[in-house]
């Protein structure tokens, strides 16, 4: 089913979606556009190339309470955070980011042990994808077979036309949601044609392409090459790349207490930080920044492939755009792959 | 989760909570003297003892305000009288910068006060505590760095 | 700029060729002209890849401590960057005899993210390096604006408004530590905020833990921050940290009569005192 | 609803034993608060648990008891970080939590029908003790061949499980060799470093597997002894230590190459270790 709505009525669409669940959508903030939980439908914007941070926070918040507790004189009272999440809708996710959810599913929802925090949120969320209409020089998602107007993984897929927003149901869940929103208008056959044309047009957008063939094995082979020292020389070892990344998933578990009340939380961590691997004894297996950069690259382009059969990168370009020293992850991988 | 900010001043029945940080050799001894000579002063102050005013890490001050202190009074030896010769000269610079930081962050600078009080100045210690307590009482609860949270636990 | 680039490359080549230094800290090509990268040239071939343009904003002094003491290093510095080198010399983190300082009088630098000109409103505005061995180009005029002019608005606010301002700015922090990592003066290992005991601030970002981190960091930079603005340019959340650093720098300058990193003979103000410092500074 | 792997199982501290004269190593016996949890907690020697104290955090510790000792779990803990320091300050009756069992096990099935050499140093004897108690249990003893143990500590006061050491020595189906680097006036036993003692004891490599756990320096000098005795890399096992958090292979910090110590380890044969990325 294809529906449309005037761009000026975006807030009406947002309100209608909010009636069907908790809505997460792009909002223009002080630092740029980012996904936020929407309280005011007027806050939603679709004027952005891509969000500053990835939408992973909808399923994997930077700080996520698992157990709240209260320390008492004779022990502790605990309360598990319930995992029965209300239905959620995430609007305006670019195709590469939609793919990132599937990449992360393999870690969090695959294997013997399922991560319930990811899994339950994921199950309760309807995804409204949003086609790119141009290409940023930092992106390289075409590498992973992701199209600029690729509806794979979205429940509803959306493109912006001249004055109108077109929404197409992709999955049953998406169709159902789409059918239930009365502010949406039916489309004419011309609209259908226009939509298909736009999709085809976007599909022709191509980003840079990283040659990934043989990379996982190559990275293992060049593990001890001095290349990493050179590649990491400009790196500041801050955590920006890992925090804006849609597929970085490393976390810490911390008990944070104030006045006897607190929570056991999981909090994003970063392999770029020195203390990430610091043992209590003071021993640290990764004391050099070349080791940490190598870990990030190898984890994404080699280890993850070994373990989950997919590269843990979708080529969204965020880490490149946000890196204070302009490190291009694609160039780093290419450099390693080109080593003799 | 960040607690909702509550800037409302509950001045009715407000008892300021004041952190005192006193150097072992002068101000703490001065405070002792005030006690042993039964000079009356408000009970609002809780004093932590440090060996020297220069031992005070400005993070103590930031953290104490975050944890709900309404005012902080630091006491050290008079310049020139430091038990370690020069500690309080360093402290003077450190605490001056700390105060400017608090002020620029938006905290009322009056909530942070540094005084040189010698071991013999029990009366003056009591006088300063009295005066400071009343000033803080007039300012009302410190809600900015404490984020207006219920600090009674 | 092109001339500076050529001279920089020439000097780098010469220094590496003669073995005078082991590494040249300068700028290299990034994925496009607008995104040059800090580079550590170790060979003559590396030196050929050195670039310099208006987007070479990084403060290379930040990389000096990446090398073991005794490494002979040449470093390209702009005005503010040279002051950072001076502070590192004052603090005895590097030795003068290990350094060859390549001074760049830099005018018209631009922020790669915003494209805005970088001037005294976001940095110290110093054009000419205060310390160098070789000056690549002619000295340029220093700006007539004070780096503290930009503080006027915030200084004019009342406390509640200023608190609201910083509350809004600092609650945005995601604790990626890009500010700290980009800072040439932030070399503590471990940083206080990473300590397990005492734990000064929670690891999860909240206004409270963010304040603890940033207020303490502002303090730790007192009398040491050279106002190069790298922290703010590195910040992905565009928090104007430079405003706070400028304020602390201004107060230090006014109270102690010395700006950070102007002369290797100075002692950092927070490691120093004068008997005649006035008690009034505490008011 | 699936089992949430991040929620600790409630346990109560039944017994605390101070193991060493320096008092910084204690064994905690934990009893399950709910009996169904005990049934669910099916483990084998070599696995570990995340000990949990709300307000302090979690710490991954190898299980020192054996599944042949029903009713409780034991963990021998050295005082080091925030959580373990707190543990050292608690008293019997304290309620806390444990997550597990986590990680893989000593290669029990592979050891069956073989001679087993257990080599331990210092406080790293914990999961080896679990293995030893498992193997010598009357139901299992006949599954294994000759059992040789070399266990050493710096000084007599630092030997852990002293009562059990005596009991094991008294058995005729275990060749116990306890040694200290340096004895004291009361010490009548063996003196010497673990590698040297291994050389003297010289267990045969025929149909034998060595299981080694101890400080890195001990392992470094012990391995050549075993190679000389003819042990191949696939017949030497050890247990790795790494900073861990989640214990279930999700949080991403304990990897060596593509392997996660918490999930794919902590037990690895030297042959497997050789194949791991040369990270450390």
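So that you can tell them apart, the chains are marked A, B, C and D in the order they are listed, and the count of residues begins at 1 in each.
In the analysis below, a contact is a pair of C-beta atoms (placed from the backbone, for glycine too) under 8 Å apart; a residue touches a chain by one contact, two chains touch by 3 or more.
The structure presented is a predicted model; accordingly, all values stated were derived computationally and were not measured.
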Path length in steps (a step moves to a chain that is touched) from subunit B to subunit D: 2
Shortest walk length in steps over touching chains, subunit B through to subunit C: 1
Whole-Å gap between the CA centroids of subunit C and subunit D: 50
Rounded Å distance between subunit A and subunit C, as computed from the means of their C-alpha atoms: 32
Whole-Å separation of chain centres (CA-atom averages), subunit A against subunit D: 40
Where subunit B touches two or more other chains, by residue: none
Interface hub residues of subunit C, defined as touching at least two other chains: 206
Subunit D, residues touching no fewer than two other chains: 81
Residues of subunit C touching subunit D in the complex: 196-197
Interfacial residue positions of subunit C with respect to subunit B in the complex: 154, 159-167, 171, 192, 200, 206-208, 211-212, 215-216, 218-219, 222-223, 244, 247-248, 251-252, 255-256, 269-270, 272-275, 277, 279, 281-282
Subunit C residues within the subunit A interface of the complex: 28, 30-32, 35-40, 58, 62-63, 66, 112, 168-169, 172, 174-178, 180-182, 189-190, 194, 202-206, 230, 233-234, 236-239
Residues on subunit A engaged by subunit C in the complex (per definition of touch): 29-32, 52-53, 62-63, 137-138, 230, 233-234, 236-240, 242-244, 252, 254, 256, 265, 267, 270, 273-275, 289, 320, 322, 324-328, 331
Residues on subunit A engaged by subunit D in the complex (per definition of touch): 66-67, 69, 71, 75-76, 78, 80, 83, 107-108, 111, 113-117, 119, 220, 223-224, 249-255, 257, 262, 264, 266, 269, 271, 276-281, 285-286, 291, 295, 298-299, 302-304, 306-307
